[in-house]
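Okay, so here's the structure we're looking at.
Just so it is clear, A, B, C and D label the chains in written order, and each chain counts residues from 1 on its own.
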Amino acid sequence: MIQVEKQTKIKVDKISLSFGGAMVLTDIELDIKDNEICAIIGPNGSGKTCLLNCISGFYKPQQGQIIYKGKNLIGLPPHKITTMGIGRTFQNLELFTGLSTLDNLRAARHLFIKSGLLASSIYFGPAHHEEIKHMRVVEEIIDFLEIEPIRNRIVGDLPYGLRKRVELGRALALEPEVLLVDEPMAGMNLEEKEDLTRFLLDIHMGTEFGYESEFLNRGVKCIVLVEHDMGVVMDIAERITVFDFGRKIAEGTPNEIRGDERVINAYLGEEI
Amino acid sequence: MNNKSNFTAVGEEYPTLPSYLARNYLIWGDKVALRQKDFGIWHEYTWKQVYEMSKNFGLGMLSIGLKKGDKVCIIGDNEVETYVAAYGLYGVGAVIVGIWVDALPDEVVYYLTDSESRFAIVRDQEQVDKMLTIKNKVPQIEKVIWWEPKGMAAPEYKNNPWIMGFNDVSELGRKYDQEHPGTFEECIKQVLPSDSANMYYTSGTTGAAKGVVRSHSAQIYMRKLLNLYYPLNLGDDCHSMIQFASIGEPITGSTANLLNGAVINFPESPDTTEVDLREIAPRFHSLTPRFYEEIASKMRVRIESAGALKRWVFNLMLPIGYKVAQYEIENRPLPVWWRILKWIAWWTAFRPNLDKCGLLKIKYCTNSGFVLGAHTFRFYRAIGIDMREFYASTEIPIIATHVKGHNIKVGSLGEIVVSVEVRLADNGELYIRGPHLFDEYYRKPDKTASAIDSNGWYHSGDAVYIDDDGYIFYIDRVTELASLSSGQKYSPQGIEAQMRFGAYIKDCWILGEGKDYVTAIITIDFDSVSKWAERHHVPFTTMIDLSQKDEVANLVLKDIIRVNSGLPPATRIKKFAIFHKEFDPDEAELTRSRKLRREYMYKKYKDIADGIYSDNDVIQVSAEFSYADGTKDIVTANVKIRKVPGEQE
Amino acid sequence: METQITQLLTYIIPGISKGLVYALIALGFVVIYKCTGIFNLALGEMMVVGGYVLYYFAVQLGLSVWIALILAVITVVIIGVITNRLFIRPLIGQAPMTMVISTLALGAIIIASIILLWGSQTLYVPKLFPDGGITIMGSVLQWNYLGFGLVSLVILVGLLLFFRYSRFGLSMMAISEDQQSAQALGISVKNIIQMAWILGFVTAAIGGMMLTSLTSVQYGQSVMGLIGIAVAILGGLQSLGGVIIGGLIIGLIQGLVSGYLDPYMPGSLQDVSAYIVMMIILLFRPHGFFGWERIERV
Amino acid sequence: MLPCGIRNVSYADQLAIIRTPLQWVYLIVALVFAFCLPLFSNSYLMTFMVYVGITIISALGLMLLSGYCGQVSMGHAAFMMVGAFTTANLNAIGINFFLALILGALVSAGVGVIFGLPSGKIKDFYLVLSTIAAQFIISYVIIGWFKGDVGVHIPAVQIGGWTLDHAEGYWYLVLTVLIIMTFVAKSITRTKIGRAFVAVRDNDIAAEAMGINTYGYKLLAFAIGCFYAGLAGGLWAGFINFATVDHYSLVDSIWYLAIVIVGGVGTITGAFFGSIFIRGIKEISYIIAPWIGNMLPAGSALADGITLSLPYLFFGTVLVLFIIYEPRGLAHRWEILKESGRLWPWGYW
């Protein structure tokens, strides 16, 4: 394995978040580095997801700042942050349930389709060409995630496992530099977990499936994985941060975390 | 030998399969040869492209040490790469050994060692892993070549010299071609008609699998004979889902592609086949009864579940279809009014129905393997498909068939095809001789000797009966014929085929050898039965629960009575039980070609096989049961034994 | 100076009392919203129904006004029960938007039946209070206005106390917080919704009776119900008390506008002033003065 | 479900709406029929058809705004009013009708955006309220400052030497506009913008996460929707040669909302079905009301009330019936029928 230098991608600097008095996050400090899968674990309600929501702009921390590409993300609207190259999936699926799988992914290509109102209302011409171009990209994602059979199914009717997959694909379609994955394994059976793990690794390493779209071959180098399933985290994460009651209680490699007292306490001796 | 004339009639301007590849490159260069669905749309490959790709691959194989006459095994579903590889290998004179994708590791080991293959070309990670697990058992394999890159990026594969990518091989080939141009063409010339082209392992219903070696000329004669009865034109769409492991492949696929220029279409993925088949709309189907029965019951179930109007119209038209079919079967001219009715029925019921299941463009369907149940056969002809029996075996792929324009005897295998001679042995066994006979069982001279006698007769091992008009009627394998204690002979497979026609019956296992009467152990088709149960508000929890419901039993009973009506009273089904699970190839209960493996079944399920003849009406059966994710455990169930009313034992 | 104040008063007092009536109507709206979570766009029609029913008893049957009033209220309760059964019950559990649309349909049907029963012409209801009034600082304060202000105030306060302390009020609060857990507590959501619906209907209707007895009754006035909604928004939908403040503000604004702006503006600005206020509120403080905004959980 | 044997060999095929020759035939037949309609129908029917056509144009706008982007508007008629009066007033000061028409639509779009502004902070019902407010404020402004109180006269529309003072003639104008605007609407819905609209409707959080500026698209939806409304309003005024506030009341706004719901939320065809259905109902109620009235004792409240009340009654009943029994509208029912036809003779695929 060739060593790549890991400079900080996102710097979370002492952020605190509270909902009407209730402290959800306190003085969180975190360096999300490039070229690694960084996992955030912790018991339920320990503020993992809240952190993601802060990064992707859905929550506005009262204190601290989140530096990405030299900008402070706090205060920016979510769609701006997405445009800056931070894609995400949601813990409790947020899909466009009325649309087909295909259209869900196409909707995610929004950022890259340039044709404006006029072109769209004429359709034939530039808009048409763009649609075709992006169909290919979307289809490659579908091929990558092996969801061809449900291509034209309405997402609302799909089983949970497949929906998760579609959502991952949708995040992928944003061609993000940083991918925030929120509890991808929740409610999955063994097989689905294996598949998803495989996909995540492929995304991280970059695929070599001879796709046309560069970003798929390149892959997403920086992945933040919020997960409850210890096994998976220990397998694929290179660095783990542990949250408890909105505080960071530990950080390190899987092995360091295994041994860490506070972590074991936080999990009340849960099998790690 | 009056056959000689027929040979010349068939003609032989191109002696080998690769020579056809070269011809097509010249005469059809920009015509479509293969069509693969990928990324949601159909990608077309012209003969030029296919030729180039095959050439590169073939030469690539040479440059990694393949010699003319080497055996190379192919494991993978049919895709463009499969065919490119095959054509490339034909070109450089290698012999293709097809192996079923779902073959168990031990089986693979056997095939590889028996065929002395030097290379393995496999589709994907799954197969590569399979190869890796058996690596030390097959030392003669020099390289494993994969073509589906999914999951192959991992270092343990990349850094393993034993494993190689399809494209890398082609790349080597491209270089090789630049260094010595014209090599491939030269190789093609080197290949002789008598050289072996393919090896097929006959599914082991009896003993260990034997490698049937077939020469180029044998393959080509096979296609030319087929063309006399089932001509295909340039650009006709075909769908070849039969893997290279079976003689069915050249019948539906490669030879049609090479000789006739039919286009082979490949679905996107196994899961989308059903959808893609409609888009392909193939012109020619050559399947086994099992598939036809599945399709037929699919139609029936989906029409059953339709609204009243739809059902009414279809059921109104079906009799017309049968009547018209009867005219065609008896080869009588169709009266005008029946023509009109036929037209109406076609447009109101049959055409739309065929359109739904993708059979609309079908020119002919041939059934082989064993005889198609008369009901199914008539049904297909009724709904407007030119269904014909087709008597074939791996050793000699076309022996007899129904002929358009002759009258069609339902239940027969049709008439002997031109250039084939037959002779009936005293024990009723059929001896055959013809130009497309196989060469030998690979490395089994004794077996070969016993199969092909000194004056070239092939002992088929089929017990048949030929009537005065020269129609062949299949009785059963000579070895498979069973007889009751009374000595009454009957054919289990025949009855099973009839049973399987039932929309709700998946499989059937007929017992009775040495017993006083015939009994049946039936497995229901869970999909259709559960749908039926929902529609009729029959509550159930599992397959096991459902299978023992009395309502379901009555459902099945209808079919038993139907089948019994067509049997001599002595061999009618007297008792039956509905099995609590489906028979499963992965548990070796069926062969890969989905035939029952009786001896094995009898061993495995002895308790019920005997119990059904005992007087107790519930029998506890315990069987290993494997879940989708591969985990297994023992399932025990109480299977009810039921009597068929009106049949005294 | 003197005259200006008198003038001011003559605009303010009606404003206040009208505002209180609005508050009453708005209360009907809020009650229904809190329990069922739907915007009742039939509010105006409910209001007008009050007026017509009152007219029926007071004029067509010629009963004395106050008896008519009581009978009218009873009738309205009955109508409330019926409409609840016909329109609300079947739709419980539907998407909120469809419920709202169905209230539109309800409104249309009410109007239709009103026209069928009373025709389309304007009708006049006898005044509840004697004419004339007391004179403060030279300006005459109509008994009507004072009366209505007082009555509405009493009803409002009464209802507020009822909601705060009665069992029904509390369970209503519970439901508005969280239906599931409310059910878990053994509160029959169906009944509460029915109660709320009737209450809302009655309050709106009473408001209607008063307004109509001030002026006249005509089905076109149903649009005034929308002013009630404006008031509710202004006060904040989560708070019952807010409606009083909201009502007063709107009422005052209308009074003042009618006095000081309308003379110099084409059309009558006082009718739209409520909507302009609502628009502004929606733009800058959508949850109103006493409401609170929900945090989007992602 | 396409006929068997039709393959997409390119994404252009996959995206195409019309895939089989038969579909082309249907389309052409339909168009020819529409254009030949005046040849075999009286002026009463044509007048009705013109109204229907204009209604559809307006409904398309509301469909995009409410049906696709999910921003329910109860002030649609008001925006038509804007279009009507702008067109009329501009026409009155001597600007060519068609130019005035376009300008009217644009102005209406602008006004729409203004009243769409709250959509940044508020959703569903609240937005409904702000659109209701729009209804009143707009009509107040128009009555106050743009001759709304007396109304504005528009001379018969002229194209070249041809005066469209009769329904037959005007029908062609309306039809052309309708075809163009339908095409535009369809195009918008099948491209970036349409998908963004649906994204905002289905799940605005996810939409934001997809980099879609939800607020921006809501405003855009208002602009487009109100542009359609303005266009329709202008055409309407042009047809009856008069712009008056009475034709664009809150009740009409509600009718338009009903059209969208009855037609089927989120479908272009829905706008057609809805408009024809609702217009039909209104027409029928107008026809049978007097007929019923005559059967009732003359002079009774019922007799004179029936004419007025019947539309309300129909409206209420139809709406509530649809909400309870066919919440996804006629278009959905139509789709089901079509699918069932294509599955013939199968029950499911």
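The rule is short, and it goes like this: a residue touches a chain if its C-beta (ideal position, glycine included) is under 8 Å from a C-beta of that chain, and two chains touch if they have at least 3 such contacts.
All values derive from a computational prediction rather than experimental measurement.
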Required minimum of steps from subunit B to subunit C, each step between chains that touch: 2
Chain whose average C-alpha position is farthest from subunit B's own: C
Most centrally placed chain - per-chain CA mean versus overall CA mean: A
Computed distance of Cα centres, subunit D from subunit C, in Å: 33
Geometric centre distance via CA averages, subunit C-subunit A, whole Å: 49
Distance between chain centroids, defined by C-alpha means - subunit A, subunit D (Å): 41
Approximate Å spacing (C-alpha centroids) for the pair subunit A, subunit B: 46
Interface hub residues of subunit C, defined as touching at least two other chains: 296, 298
Touching two or more other chains - residues of subunit D: 10-11, 14, 205
Two or more partner chains touched - positions in subunit B: 40-41
Contact set on subunit D toward subunit A in their complex: 10-12, 14-15, 183-184, 186-188, 190-196, 198-199, 201-203, 205-214, 220, 224, 266
Residues of subunit B that touch subunit D when the two form their complex: 35, 40-44, 237, 278-281, 299, 302-307, 310-311, 313-314, 349, 352-356, 358, 360-361
Interfacial residue positions of subunit D with respect to subunit B in the complex: 3-11, 13-14, 340, 343-349
Contacting residues of subunit D [partner subunit C, same complex]: 72, 115, 117-118, 121-122, 124-126, 128-130, 132-134, 136-137, 140, 143-145, 149, 205, 250, 254, 257-258, 261, 301-302, 304-306, 308-310, 312-313, 315-317, 319-320, 323-324, 327
Subunit A residues within the subunit D interface of the complex: 56-58, 77-79, 82-83, 87-88, 90, 94-99, 103, 106-108, 110-111, 113, 115, 117, 119-123, 127-128, 130-132, 135-136, 139, 170, 174
